[in-house]
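By letter and in written order, the chains are A, B, C, D, E and F; residue numbering begins at 1 in each of them.
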Amino acid sequence: MTLTASVVGASGFAGGELLRLLSAHPEFEVVQATSREYENRTVGHVHPNLRELDLRFSDPEGLESVDALFAATPHGVSMANVESYLGAAERLIDLSADFRLGTEAAYDEWYDGHTAPEYLDGATYALPELGREGLADADIVASGGCNATATMLALKPLVDADLLQPDDQVVADLKVGSSEGGAGGGAASSHPERSGVVRPYAPTGHRHEAEIEEQLGLSLSFTVHAVDMVRGAAATCHTFPTGPSVEGGVETADLWSAYRDAYEGEPFVRLVAGGGGVYRYPEPKSVAGTNLAEVGFAADGERVVAFAAIDNVMKGAAGQAVHAANLAFGLEETAGLTQTGFHPVGSP
Amino acid sequence: MSEADCVTCGDSVALPEDAEVGEIVDCGSCGTELEVVGVDPAELAEAPDLAEDWGE
Amino acid sequence: MTLTASVVGASGFAGGELLRLLSAHPEFEVVQATSREYENRTVGHVHPNLRELDLRFSDPEGLESVDALFAATPHGVSMANVESYLGAAERLIDLSADFRLGTEAAYDEWYDGHTAPEYLDGATYALPELGREGLADADIVASGGCNATATMLALKPLVDADLLQPDDQVVADLKVGSSEGGAGGGAASSHPERSGVVRPYAPTGHRHEAEIEEQLGLSLSFTVHAVDMVRGAAATCHTFPTGPSVEGGVETADLWSAYRDAYEGEPFVRLVAGGGGVYRYPEPKSVAGTNLAEVGFAADGERVVAFAAIDNVMKGAAGQAVHAANLAFGLEETAGLTQTGFHPVGSP
Amino acid sequence: MTLTASVVGASGFAGGELLRLLSAHPEFEVVQATSREYENRTVGHVHPNLRELDLRFSDPEGLESVDALFAATPHGVSMANVESYLGAAERLIDLSADFRLGTEAAYDEWYDGHTAPEYLDGATYALPELGREGLADADIVASGGCNATATMLALKPLVDADLLQPDDQVVADLKVGSSEGGAGGGAASSHPERSGVVRPYAPTGHRHEAEIEEQLGLSLSFTVHAVDMVRGAAATCHTFPTGPSVEGGVETADLWSAYRDAYEGEPFVRLVAGGGGVYRYPEPKSVAGTNLAEVGFAADGERVVAFAAIDNVMKGAAGQAVHAANLAFGLEETAGLTQTGFHPVGSP
Amino acid sequence: MTLTASVVGASGFAGGELLRLLSAHPEFEVVQATSREYENRTVGHVHPNLRELDLRFSDPEGLESVDALFAATPHGVSMANVESYLGAAERLIDLSADFRLGTEAAYDEWYDGHTAPEYLDGATYALPELGREGLADADIVASGGCNATATMLALKPLVDADLLQPDDQVVADLKVGSSEGGAGGGAASSHPERSGVVRPYAPTGHRHEAEIEEQLGLSLSFTVHAVDMVRGAAATCHTFPTGPSVEGGVETADLWSAYRDAYEGEPFVRLVAGGGGVYRYPEPKSVAGTNLAEVGFAADGERVVAFAAIDNVMKGAAGQAVHAANLAFGLEETAGLTQTGFHPVGSP
Amino acid sequence: MSEADCVTCGDSVALPEDAEVGEIVDCGSCGTELEVVGVDPAELAEAPDLAEDWGE
């Protein structure tokens, strides 16, 4: 059985990664990759890694009928086109923020409202580590935000283990790569300006807070810094848990239990917390190019520091989307997602 | 040369002599981009935010 | 009047920067630069920027008599040699942690004790923005830790303005460059391993907490990450102030007042908080090579985020030391420290 | 059929990459990975990308009997141990320079002689694009030098097409990443010193000239520069061809013919020469993590510039070795080597 | 005596560097900095290093009367405005290519012609190391191209010493930083695409060849590669000298003589050729932020490799321009140009 | 082949057959470097910390 797939927004960073994954996927076949700017050009014109792929960009106006439509378009495009997308495909896997939140009210609060709120109920948040139930046969899958993904993977075990309570203090300090800005980045993304930075670009009020609150029931303080890498998002979550399981303090061994319980059997979570050698805590470069999340922690008196590192274009976008699509279509969960990382590796 | 207060940090901003309504200046102290919304007397308002472009 | 100076540990990163500053300083003349490993080599052998300097490394055992002895040696060396240093020089400006804390007890708690505790009383913490009084005529000046310096510069105005109280929650999340490891860095500092990292290398329990607590009376949660730059330390301090000045919340304008009050007239502090263009908050690369600290802030409900960015080798080490030395010797405060930064600049 | 394999020198960069490739290879099974320094440690202790691998380093003194022994050891180790290696394995695939040259005389000239010259005759140079014949059933396979590999891939079509003659002027200017220095790099490899460099580290007399001369019959001028990346070797070969096929000048179309003729059907060579978009000539970052070589060219009057870009750890080392091993054992040529590159990608 | 200066194109990279230099220059005072896009904004809005400068951009249409007008505008702007520039200033120091070549014919061949050819005769090429005579009192000074500057500084001693002849083979292989593209860089300059590259972006036919041929009388093969740094241009010139001084070959000692003769007394040339330590040949990062050129060489049989490394924005643009202006106005030659480089330094 | 519990994370660590007192292994689960302090029965303790070298 081969499933056909379209990628809308295929000239972008997340769209290009979808092409990389789906073209090597055992069950999917890419039949269409759209770009308005590069129509008729080979996909290798934009994505040099895919020069061997015999595929040209086509106009998003002429969608073919497929099993799965992956939309990797800027915020607003999917909600405007959801009807036509669902007309052309059995399932829509959307990488934008358009179907991540549950209610129109949330879009009013965090974004500029929603133009197709009637579809929100039918959408399922993609991140499988938060729960897989809703994903089987989902019509609309909403792939999570990259920064939200890293943050939630770091925090979820603390919530599950009754360590972290809804009102506990949580500060999430993120460090992210330049590919988060997408292929169309502006002046701040030019190499001379973006190189070597530690740049607080969303000191407060990042929109990813919204999905984290919805998914984990936590409210948190969120600050995002651009650092000098291309791929990668690293979350350092400083938490002050007061839940029932916190009695007489939290020890490292308690944290090992909590994190193992939460992620036992998860194919894409790797626990890294202390240990020896050079790589002792989660690092984005160890998982670059893969769908893995490294998750770790450290106990510090009343504080528990929780870490997660992902490749924003993979686990934070295209990989998560394919993972969820595998589940939605009832495929082998890890199909097409078994890439291994590199060592040594610079700043991928 | 007229002056007006920055709406963000309160510092005084000197306007160019030929300042016209609609022009943009930035506060020399905090850098906020300010639109000239009145010239006699000089008055400033925060310029339409460009932050959207700035972030990633 | 020319003052003579020795630099002990001159082959290291901080020592090399001292040579750069002092050799161009209007009042100091470097008469000795020590290195055991590179004895008799020209300083340009190690520091290519100083090839024009006609100076050779000498043995630290044969100290000449000078006005100022700058020690840029690893922790433990200055305390072991303090007597001989003070025998050879009118004033000792020490860049290590050896005289930063006020009491032997503190060294017992945070380090492995102290071998010359009788000198602790006579030592003055260098960072002039914390207060200049003690510095005039100080015999021993203890230049602050680079991460502590960034953190304290970010937080001090909040304390001074009665916003932040001793018991308020403060999380300091630091991002630092590879030069913090010194010239002798180990396996984790090799280029293939250190490139492109976001590496939590001191997730908890960083020793710089000690001097911050002593200087500011705050206790804080401290986590340090290595990122891909060579020079630079950036502190993001997530604070939850509850002081008397916090009534009805903290607004941006309140913060502007607090920070202006604290740093009015300070020649080396630059406030950067919001504004337009690409550079809206403190960034290490804007101050690389200079003695400047960029300091900024953002209000976020109950949270105030305070930022500071410095060049760890300058404001965080050699620049701070020269600044303090200028004060100790009664020189023009900014003498030798008027370098301007660069734009564009990569990752200096 | 599964073939067993040992990796000697498995804690190094090339050895780690062999583990990555062989552990995912459909026909090989790694039974042993040696390291003297990390004996008993998990391979993930050193190679964070391989944390999922259930394998510990063992002592190279206790070699198990296997089908293939891959040696990724420094120059000199394989020649010293060749007898024991061949005693323990059907075939030795050696990544060092120890069996790359054909004669003892060559080792006397370019290295410090050879201690097991009797094995030189039986060794086959690995790079399959130079000819596959000798590789089937080869006992000793000598994987080529990374810089030599890039250079030869750029130049071979010019030789084959009778454009380039043995005495023609050829200048090869290489730009290489820090992983070429191996895991044990010294002072010049530390991050602060190695970052941001364009460093001529082998201005003249690089040993890779020797194997190029032997393989292609060309003598050339070779200069290698370290640049700021971890993986990657890029050769820019400035040639002044005078061969019989050069009549009335060399046009771009002639070069397309020559390069197509040379590499038609080659699974790991990708021609990139001009064209549109951002990526118009070979670039290491487009092939990072893969066994691909990008090869290109540009005509410029009497000069033909030939380019090649590879991942030094893959096509320049472990990938080439596995490729050759596939051929030696009669396996599918591309088995285990079908990784796709990334876009975007920073400096992998 | 203070000279007044205008900088046209002050929001660009070269223009910003002129502001940095002139605002700290003992003899110049900047009275005007133009930008069409940022009119009325503070210069610190664009150049964060110059936040302390009390200066706002103004419209280039309203030029004030000054002693020196520095034009750092794209090719074509100065030739279109030369009359108005010379009407507003005693001397024009132009950083573009508009007055670098001597004849209209040369502009027809290498560019798209010239619109004010009558001014070409009155223009003087700026690079002082090529000869200072014409610079005293020059009305129009044409600051050289950055790549041409590096290349000529590497080669000139070989020409002067009668080693290199006009028809000798010379291959110049350049590696340059992203600031060469200017502040307005396009898609290829975005951080994700530009990071980690070794990108041949001008494989043949670079326009800087023209000025090198005019200045040195050499014709050469020129290839430029983008590498991952922001500031810096490094030229590796592979030469095959056959001049009268080449008898019995060229030895390192001959080269030392030739280079010393050429650059004796030059305040901004530093010879680096072999020696010990980590930094043995010219490297851009050792001179970043300064007006220095590191120049070096290595003998290799018939080949002589000549190296030069500069900061393209300084010695390759603004620094060279100020140097020439100092000479044109009869000031101290090194005034305003005595910055020292850094160590360690990443990728400035 | 004997096993012992990791002192950090509690996972069981398989020791090499010829394990001797003083040898170092790392826990396959959490990576902690462990010193063999007993062989019959097998017993592990945290190895002297190398963290000092690791940090900066």
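In the analysis below, a residue touches a chain if its C-beta (ideal position, glycine included) is under 8 Å from a C-beta of that chain, and two chains touch if they have at least 3 such contacts.
Remember, it's a predicted structure, so these values are computed and weren't measured experimentally.
Trainee: On a CA-centroid basis, which chain has its centre farthest from chain E's?
Mentor: Between chain E and every other chain, the largest centroid distance is to F.
Trainee: Give the label of the chain whose average Cα location is farthest from that of chain D.
Mentor: B
Trainee: From the C-alpha centre of chain B to that of chain E, how far is it in Å?
Mentor: About 37 Å, centre to centre.
Trainee: Which whole number of Å gives the spacing of the CA centres of chain C and chain D?
Mentor: Roughly 45 Å separates the two chain centres.
Trainee: CA centre of chain C versus CA centre of chain F: separation in Å?
Mentor: 39
Trainee: Tell me, which residues of chain A touch at least two other chains?
Mentor: If we look for residues of chain A contacting two or more partner chains, we find 13, 178-179, 181, 183, 185, 187-189, 192, 195-196, 229-230, 272, 275-280, 283, 344-348.
Trainee: Which positions in chain B touch two or more other chains at once?
Mentor: Expected reply: 26, 31, 33, 54.
Trainee: Which residues of chain B touch chain E once you look at their complex with the stated criterion?
Mentor: These residues of chain B touch chain E: 16, 23-26, 28, 31, 33.
Trainee: Report the residues of chain C in contact with chain B in the complex, numbered from low to high.
Mentor: Result: residues 252-253, 256-257, 271-278, 280 of chain C touch chain B.
Trainee: So in the complex, which bits of chain C are touching chain A?
Mentor: That would be residues 169, 171, 173, 175, 187-188, 192-193, 195-200, 203-205, 221, 223, 225, 227-229, 232, 234, 236, 238, 240, 278-279, 281-285, 296, 298-300, 303, 305, 307, 309, 344-348 of chain C.
Trainee: For a test of understanding, state which residues of chain C touch chain E in their complex under the given definition.
Mentor: Touch list, chain C to chain E: 13, 16-17, 20, 24, 41, 45-52, 177-179, 183, 229-231, 270, 272, 275-279, 283, 286, 288-289, 313, 338-348.
Trainee: Help me check something: in the complex, which residues belonging to chain F touch chain A?
Mentor: My answer: residues 8-10, 26-27, 29-33, 47, 50, 54.
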